[in-house]
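Handing you this structure, nothing more for now.
By letter and in written order, the chains are A, B and C; residue numbering begins at 1 in each of them.
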Amino acid sequence: MQQIPASLLTLIAGVLITLVSLWVGQHHNLLPEQASQQAPLVDNFFSIMVTIGTALFLIVQGAILIFTIAFRQRKGDETDGEPIEGNFALEIVWTAIPSIIVIGLGIYSVDVYQQMGGFAPVGSHAMISHSHHQSAIAAPLIAQADNKAPDLPTYGLQTNSAGDTKPADVIVNVAAMQYAWLFNYTNPEITAGELHVPIGKEVQLNITGQDVIHSFWVPQFRLKQDALPGLKNELRFVATKLGTYPIVCAELCGSYHGSMRSQVVVETQEAYDQWLKDSQIAQANPPVVVALNPVERSDSEFLAPYAKEIGIIATDLAPLQAHP
Amino acid sequence: MTQADEKQQIAIDATMQSSEHQAWKWYQYFTFNTDHKVIGIQYLVTAFFFYLIGGLMAVAVRMELATPDPDLLDPSLYNAFMTNHGTIMIFLWIVPSAIGGFGNFLIPLMVGARDMAFPKLNAIAFWLNPLAGGLLLLSFLFGGSQSGWTAYPPLSQVTAPIAQSIWILMIALVGTSSILGSLNFVVTILWMKVPSMRWDQLPLFCWAILATSVLALLSTPVLTIGLVLLLFDINFGTSFYKPDAGGNVVLYQHLFWFYSHPAVYLMILPIFGIMSEVIPVHARKPIFGYKAIAYSSLAICLVGLFVWVHHMFTSGTPGWMRMFFTISTLLVAVPTGVKIFGWVATLWAGKIRYTSAMLFAIGLLSMFVMGGLGGVTLGTAPFDLHVHDTYYVVGHFHYVLFGGSVFGIYSGIYHWFPKMTGKLLNEPLGRVHFGLTFIGTHLTFLPMHYLGLQGMPRRVAMYDPQFQSVNQLCTIGAFILGASVIPFTINIVWSWIKGVPAGDNPWNALTLEWTTSSPPLIENWEELPVVTHSPYEYGRDRIKADSVATQAG
Amino acid sequence: MQGSIDVTQSAVSHHEAHPDLRTIGLLTFLISESLMFGALFATYLYLKGSAAQWLPEGTEVELLVPSINTIILISSSFVIHKGDTAIKKNDVKGLRLWYGVTALMGAIFLGGQIYEYLSLGYGLTTNIFANCFYMMTGFHGLHVLIGLLLILGVIWRSRREGHYSKSKHTGVEMAEIYWHFVDVIWIILFTLVYILTAF
């Protein structure tokens, strides 16, 4: 029986590798659900990289495996291998092809980043000025965030790739601190411990850190920007899927970095408006101040009326309480 | 000659004449010894000791991570272990063994010199390392530094300040050691090569160490400043990184990463050099593409100085900067690819021996491809926004640092242990070591990519319970890796004392270190070698390397 | 001239003469050191660039003493070179004279620096400019001190008959190269800190 010609085998291998890589690129299922306008951009980009990576992986690992077995030393053979020192044409090819691939990926990266809003001017949107109705507890912190926010050097991302200076539909100042997230809505004035956004509307977050560096990450949005003290990171996005998604702190911020979580609730415009109203009422009507000596009340008694408005959930407190 | 030189020459002549001084006594390996071979071994043994300590910290971390709650360790202690695991592995294991260990032992031998250019400086550079390591362990009395090996302010300004300050001093010491060592390598390679060796006959390991040393000289001082400013912020009331007083936290990140990105090339370039030496010998084939591999080391050195902002894509960096550094990061992958393809092509038409050295080298090839592909994805800003600071990154860098650097160090030890000690290592035990390490590495670090993509951040003692089952897989893998050092350590100790004598050239290799005894004479050779061929000329009807004849008449 | 061990023992080789390895080692080290100062300069420019107002309130830059210091330091580079020229003509006395004058000028520079520190009215921790000012001039001053000690070391060693000669003066050269380095760094520092802020 005749040997199958090497070139035919190589062609078949090439076709198989291409097909497998394309399939893996489309069906890898490695990423969570998509809930923002930017998520599909990132995922498609990633899938292309997975395709290319799979192909390269199969080719190189395949070569390593085949060569290691095919060219093993046979028993008793003490002779050397072939004195091949190089092959200029081959070396050019395997330098040129990766160069083309990486340049291609580079150009594609710039394109994706631009579509994600990475080049639109940040800090150019009119911050709607706000009055000073603020929750008693969070007032000093919010004041800090507010006063600093407009003056800080600004970085970040926004969805609007055309550089449109139309202000976002919802603007929230996000303050990160050990180990909680505070969301200060500008219109109307609300402070909350979790982020609510209406689906399909442009949301702008102005993220800063209060004490150490934190990082605001929603895996389902594929978006992350650091919360830096002394700087403002703008993040604009449009949420495209109803649901509740985790907000994960993604920069080491201390012993309880892993517990620093909140959530973003993507809801209908009506539900969002209702939530705003409820929160406003709760903040506008604080409990009547009676001249009680607070020293006589325990911490939980004192804080009880405020805890619900700030959006603090008992599970968030557990790790803080565990640590003396 | 200066007086110092004269004294040294007299000492050498005396040594050469007395027959019992052809080798160092065992206790002389524990002293301030200026012989580059002793220093090299001192580096390797000390570094291995710290590898075990750093490894124990990793096991503690993985044990905690087997469950989602912080139920094993106090979270501050967890952060201290996590921080110092990284710090030790980088500064007290990989850098000292790859550069200080292999570099010092091999460079003079490979270029045909009797020692490095500045032997006393060399010894000083070594002894800074155990001192630094001792300091780091001392810092645990003050809680240990807990802000990650990256030590970002403001967290590092306010967490365990005394331990953090000790940590900074420790880095300053190893940084100084690194600079002094690099100085020695640059001068030795460029000016002390034996005259009969042409530049295109210089072994690739030497090119690798040259590129590494240049990189270290240019980047380490910037880290020094970044950390000195942090030290002053913590202890002397300055505000370089305090935004409330005019400082800037992103400044630290620039200063830190300007060094720390090249640092990863410091940890892999010497390893690539080892690969270029081991593979031709154990495949009995010339290295494929000598010039390309030499040039690619220099290219990585150069381009590698301009990619650091890819660690800061989510930080305070403008869009244009993120794009520039995306492109530069993608470009630096090309010279590395050239090397990988060159080594794979070296295997083609070879006569491959499955020695432990070769198994680890081939394992490295395989692991590095995976780590490198992951790295390319991380270098693109749009995708990095999702995976930055997640377990995807942890998976990536452990593939290139463990699957890359550590595999390479193991390969180098199996290859040169006979030359260093005069004894052969036990091969079957080496294969067991390889098998455990290979499986352990994949099991521990492959699932981490999935964890990061799905939403698990890094540097956490507690995590979302949905990630528990995958974390348990990683923990099992970590235990396998922990176990894998046992056959290796037994092999080293047993073989050093009672191993089969190796002879001058057990692998029939062609570089100059194999032309002298095992272990080499203190002065390396009685008469300096004369080079008549390239170090990779396998396949030209030579069965025994010693027929090449490199002794002068 | 060899730095350490003589490599030329091979009977057949034609050993190329090369400069003393110790001088090359020093030059390599100074390249590294210049990156250290480079990081300090970059820090200064970064903080200056991101500050709303530079110089911040409460700090001013005095020009008289530093300018005199600059003239002294730059001149001292010429002086030390005369010492190097002297030893190249086997003139040990000349070496000692000119290196002595350089040491004096270096000491005056350091004295001027200390005087400036004492009379400035702001300390290390006053504000961000002060932080930068003291770190940069302090690091530089430390290097001047080391250079001064090297020069004094050369003078000390030159007391021994024949230690330095026309053909053997590596230590002299190394001290001179180091001193020139210190001078160049000062010129850059002076420009950044004093000239850029005063005008």
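The criterion applied here is as follows: contacts are C-beta pairs under 8 Å (C-beta built on N, C-alpha and C of every residue); 3 or more make two chains touch, one makes a residue touch a chain.
The structure presented is a predicted model; accordingly, all values stated were derived computationally and were not measured.
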item: Most widely separated chain from subunit A, with each centre as the mean of CA atoms; value: C
item: Interface with more contacting C-beta pairs, comparing A-B to B-C; value: A-B
item: Interchain centroid distance [CA atoms averaged], subunit A/subunit C, Å; value: 49
item: Gap in Å, rounded to a whole number, between the CA centres of subunit B and subunit A; value: 32
item: Rounded Å distance between subunit B and subunit C, as computed from the means of their C-alpha atoms; value: 34
item: Shared-contact residues (touching 2 or more other chains) in subunit A; value: 153
item: Per-residue multi-chain contacts in subunit B, two or more chains; value: 247-248
item: Set of subunit C residues in contact with two or more other chains; value: 50
item: Of all residues in subunit A, those that touch subunit B in their complex; value: 30-32, 41-42, 45-46, 49, 53, 56-57, 60-61, 63-64, 67-68, 71-74, 77-87, 90-91, 94-95, 98-99, 102-103, 105-106, 109-110, 112-113, 116, 118-119, 153, 155, 157, 211-213, 215, 217, 219, 222-226, 228-231, 233, 246, 248-259, 261, 319, 322-323
item: Complex interface listing, subunit B residues touching subunit A; value: 70, 74-76, 78-79, 146-148, 152, 154-155, 158-159, 243-244, 247-250, 283-292, 314-320, 322-323, 326-327, 330-331, 333-334, 337-338, 340-342, 344-345, 347-354, 362, 365-366, 369-370, 373, 376-377, 380-383, 385-386, 388-390, 449-450, 453-455, 457-464, 536-540, 542-543
item: Complex contacts: residues of subunit B adjacent to subunit C; value: 1-2, 5, 8-9, 12, 113-119, 121, 179, 182-184, 186-187, 191-192, 194-196, 217-222, 224-226, 228-229, 232, 236-240, 245-248, 251, 254-255, 258, 527-530, 552-553
item: List of subunit C residues in touch with subunit B within their complex; value: 2-7, 9-16, 18, 21-22, 24-25, 28-29, 31-33, 35-36, 38-40, 42-43, 46-47, 50-51, 56, 124-125, 127-129, 131-132, 135, 168, 170
